[in-house]
Amino acid sequence: MSYSPEFLLESYRTMKTIRLFEERVIKEFEAGNIPGFVHAYDGQEAVAVGVCMNLTDKDVIGSTHRGHGHCIAKGCDVVGMMKEIMGKAGGLCKGKGGSMHIADFDKGMLGANAIVGGGPPLCNGAALSAKTLGTKDVAVSFSGDGSSNQGTVAEALNLAVVLKLPHVFMFENNGYGEGTGADYAVGSGDVAGRAGAYGMPSAKMDGIDFFAVYEATREAVERARRGEGPTALEADVVRFDGHFIGDPQLYRAKGEIKQLRADRDCLKHFRARVTGEGWLSDAQLDEIDESVTALVEKAAAEGLAAPQPDISELYTDVYISY
Amino acid sequence: MSYSPEFLLESYRTMKTIRLFEERVIKEFEAGNIPGFVHAYDGQEAVAVGVCMNLTDKDVIGSTHRGHGHCIAKGCDVVGMMKEIMGKAGGLCKGKGGSMHIADFDKGMLGANAIVGGGPPLCNGAALSAKTLGTKDVAVSFSGDGSSNQGTVAEALNLAVVLKLPHVFMFENNGYGEGTGADYAVGSGDVAGRAGAYGMPSAKMDGIDFFAVYEATREAVERARRGEGPTALEADVVRFDGHFIGDPQLYRAKGEIKQLRADRDCLKHFRARVTGEGWLSDAQLDEIDESVTALVEKAAAEGLAAPQPDISELYTDVYISY
Amino acid sequence: MNNPQQVVTPPQSGTSSIKTMREAINEALHQEMERDPTVIVMGEEVSGGAGCQGQDDAYGGVFGLTKGLMPKFGRERVIDTPISESAIIGAAAGAANTGLRPVAELMFFDFIGVCFDQIFNQAAKFRYMFGGKARTPMVIRGTVGAGLRAGAQHSSMLHPVVVHTPGLKVVIPSNAYDAKGLLIAAIRDDDPVIFLEHKLLYDTKCEVPDEPYVIPFGEAAFTREGSDATIVAIGAMVPRANAVADKLAQEGIHVDVIDPRTLAPLDDEAIIESVEVSGRLVIVDEAHERCSLAADISSIVAEKAFHALRAPIRKVTAPHTPVPFSPVLEDAYMPSEDRIEQAVRDVLGA
Amino acid sequence: MNNPQQVVTPPQSGTSSIKTMREAINEALHQEMERDPTVIVMGEEVSGGAGCQGQDDAYGGVFGLTKGLMPKFGRERVIDTPISESAIIGAAAGAANTGLRPVAELMFFDFIGVCFDQIFNQAAKFRYMFGGKARTPMVIRGTVGAGLRAGAQHSSMLHPVVVHTPGLKVVIPSNAYDAKGLLIAAIRDDDPVIFLEHKLLYDTKCEVPDEPYVIPFGEAAFTREGSDATIVAIGAMVPRANAVADKLAQEGIHVDVIDPRTLAPLDDEAIIESVEVSGRLVIVDEAHERCSLAADISSIVAEKAFHALRAPIRKVTAPHTPVPFSPVLEDAYMPSEDRIEQAVRDVLGA
């Protein structure tokens, strides 16, 4: 495989944006500037970006409670996201959604979802639209290892096979559903295999390897565009932070996170690979780091400065007409 | 394998009781003596009986909308059942349940269930009681091919594995969920395999072969009693009648039912086997036929003669205390 | 009951004929699928026969509501599904977000139990949560109510649960004419609409125009008129209320019978106006009494027409019990004409 | 708010101490598990740490309600589950049918969406459908309500949905003292009980006896007393109503504040008796207004205390909108002390 510099630069930029965005979100949360429950995506960037680099704005994704990375990878504006996460006017959803309910239909981002397992049935619907309207677009649902135990996900897998829907199920196995180990909660110990048993091809990959994710998704997306139906993918990833920001994570082994951050950082992995192969230089990547830092700074500053929503917003947008 | 004559006679008697009971139910339904929606079990007798011959009164089963056979196999009184199905006083559930809601906790019959996929999660609970209380009892849930597509069933499979519950999942694949083919609705085309992918042993058998069902269940029940967890079984069976009594069955091939009744009748199969092996004589079986005929006649007569429930019953049994 | 539409004027031009509610709903589906290629129908057995060797369109819905659609529009637009209600409703909602107008069938509305999240937490909330950007033009059709001896798990009303939920519109027609116009409105509506069909009404008939027409949401129908008392009734309770009204009329007692037709939005003004005149209100609701629509309407009227009320409002509801199977018990469970009549006499006597 | 229990008398003997509602609930669980070996606790993260390499009991429930149970009673009786709410509730119900007394946790009660069938169609109906033979002694605990900026899918009340359902008992404590006594009653009850805990109350404190005690269902508490008006409030609305009562008392306006504590059964007599005296009623309910408990109580009072009412009943509810995320919007969403006060002044002024 060879990749164009533009492709590589864009992929890196997006992954880095997610990383710095999440680190800033954590900081702002800890400073009391972000209300509610927030689940950070840092550590899993290679999955969101490896998947979404295969997609156009007309393809759609369905996300989870841990959705910031998916949003950014799908092209959502980070300033609008930061405002949303802070509950401010001008947020992508006017501040009414918050971290767990960011959507941007114009970008094909069908929504984060605070209900575990809520997304895959909806993505079947987007895939059904694509199939019925003949657009050749595809849908990708993201789910966690924990989410893979929800009945809604099982139903969605089966329906996707029955209707041969252009739907790629991406399971991000970060080893935990909150403070419960995937090895405990997934009885079969095998998310992809269990999903594949519904009657679709399945594959596992190292989710910190951007290229592995990208290639596996490419195949699945092409298959879907050809009208050959769904695929189940499982990416082995790591959760760098708590389940939610503020989680004391007592259930994790001492030193686990430190070691994961040292050994299993997808951004480090990416940099090593692309510089090692001679595809990009460190200088090119550093330049991106700088511009992303500035972008995230701007997002945070604008988020903090943004006004609160007008109280009248409480009553709008319940219906289109009533 | 060798079987005692008592065992074989009891098995035959129970299968025959189901057959004649269902045929009488169909007749009474068509005569207008049974209200509502009724799903007949005839044709699948070898499964209910092959399973339940492995169980004691303290083991429990969870059933479906097509539950008469399971009830009889688990020892429910056929007179009480007939009254129940007719909505009469003295019915097993005082006439308040009806065909789709027969239960008899004393016999370990935890309930028919009019919600497809409703039973398996409940049977996990019974299995959990057995495990927690250390009774060595087991739970068996019956589900159809159609039911196997419900998310509740998927969740139940996984939880049973995670908690190592003494729960045998028996899937009766009669080829249809209402008027939809199992080949269409089960995307994988493989109910047992898909269930097994949740992390438990699974096996398929010919469901018109009483002995095949009995032996497969025996193994699964023994495994469960030993504390080794759940098993998934799939019995290939036939639906002799419509989805519900009165179903015109336009979706079935011409002649299909006639041929199934000729070639795939579990009672004929049983008689041929036990007489062929010289285990029982035709005369012994004929004698049972006669006594079962009388029993079913009695059930129907008493059902028809039973009074309606008293109107005051409308308000009782909502709570134990309120 | 002979003419439940006596107050509603049918469209003035075009042909019409006597149709059952079943036929009227079926016709609405045909006409909307014809008119708009983005309308699809999905659910269990909406055609029937998928993966079978006999006839297609074997059921056309277990109650026959979608009959004939598959032969005409094909399996791509009339989609038989596995028994997976969360997947059905989720697919409908996601499809509605992305360019289709799905009409999803819940064979029995009781099955919301296995897909309630996709209804109340997903479809209903998208528009709000996402700051006004989502469009979810979908209809969920389902059979409600007692009377067919279908037992406790196939006979519920459950409209209070969906009326309670912001973001959902809730429709329940009481006759064939309304059913057609309201279903067409529901399909054209840009919000999720719950369309509840009472089992006992499928075979009831009235004059129904052949052309498509729309009955706007939020406009109650007066199926009887009179100033002595007001009866509000919904679904299968409307013909019963009408029968009571007709009977009382012979004694010179004249009552308004109001069929809200849509429960969300609710035409509370029509009800209040009527009560302002009559001062007496009976609400007939087949749902259980606690947190019911009867309670809802009672509380609205007790607040907004307080000074007009000349007697306590009477609710005639189902009891706080599941639906019993036995026919004699089920008949006692449902609000009967006798109980409605007694309630009207009570409010008149007070 | 300092002493929400001023009217309820704690048990006379034995020690007591100031406890948060969280501590009181946790203590009730400990004591009942100790007393009765058939009591088990199950749900997501009720211990935490299953299949992990760090500490067990890492969460003890995400809000810490079940902390300490697993170390004491072991994983066999304190069961961490996969994220499969239908399987959790189904297992609890089936276990309740066969000899255990499960206390199942729905981390957020909003998750009834994915397990509603097992609640309303299964557990709630067994006893009736099966002709009185089933026993289903189970408790479903779940967090309800807005105020933590948890967004539209984690902030609902949803009690109207369960109150509507025959066969379920529904409890919502407003303070630590009630929480302990009601939870013990719920665990000992032989019917399925829905036990709703408002997020905003977990850290509120009051004097709570150390010994186990039972508060019977169907007995409202008067948290303030006065004859000028009646306020009915539930859950997190009770402290707000109390604060309004205290403020008005300084002006010489004295109101009853009634906390029903159990919504099914409902102590409607206590409410009616109060309204018979005051003639004025305000109901504060954090649920959306349509088919709400506020509507329910309003309709009961308007029927049974019609002649005593001297002003229209006022409901103070959440609007017909999902719960918004933004703090300023969420605060405006919840019934505030200002709105409650205004409603009381309205009924007094009428």
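Think of it as A, B, C and D in the order they're written, each chain with its own count starting at 1.
The rule is simple: a contact is a pair of C-beta atoms (placed from the backbone, for glycine too) under 8 Å apart; a residue touches a chain by one contact, two chains touch by 3 or more.
Being a predicted model, the structure only gives us computed values, none of them experimental.
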Report task. If we define chain centres by averaging CA atoms, which chain lands farthest from subunit C? Would you check? Result -> A
Query raised in the report: From the C-alpha centre of subunit A to that of subunit B, how far is it in Å?
Result: 45
Query raised in the report: Which integer distance in Å separates the CA centroid of subunit A from that of subunit D?
Result: 36
Query raised in the report: For subunit C and subunit D, what's the span in angstrom between their mean Cα positions?
Result: 32
Query raised in the report: Which parts of subunit C, given as residue numbers and ranges, touch two or more other chains?
Result: 81-82, 84, 86-87, 110-111, 113-114, 117-118, 121, 128-129, 151-153, 166-167, 319-322, 324-325
**Report entry** Where subunit B touches two or more other chains, by residue
**Finding:** 91, 95-97, 101, 113, 115, 118, 149-152, 155, 158-159, 162, 184-187, 318
Query raised in the report: In graph terms, nodes being chains and edges touches, is this line, ring, star, complete or other?
Result: complete
Report summary line: In the complex, the residues of subunit B that touch subunit A are 149-155, 157-162, 184-190, 193-194, 196-200
Query raised in the report: In the complex of these two chains, what residues of subunit D are touching subunit A?
Result: 44-45, 48-56, 58-59, 62, 80-84, 86-87, 110-111, 113-114, 148-154, 319-322, 324-329, 332-333
Query raised in the report: For subunit B, which residues count as touching subunit C in their complex?
Result: 35-37, 87-88, 91, 95-101, 113-118, 146-147, 149-152, 176-187, 248-254, 256, 308-309, 311, 313-315, 318
Query raised in the report: Touching subunit A in the complex: which residues of subunit C?
Result: 38, 40, 76-77, 79, 81-82, 84, 86-100, 102, 117-118, 121-122, 126-135, 166-167, 169, 189-191, 218, 265
Query raised in the report: Given the complex with subunit C, which residues does subunit D contribute to the contact?
Result: 86, 110-114, 116-121, 124-125, 128-129, 151-153, 160-161, 163-167, 264, 266, 287-288, 290-296, 298-300, 302-304, 306, 309, 311-315, 319-322, 324-325
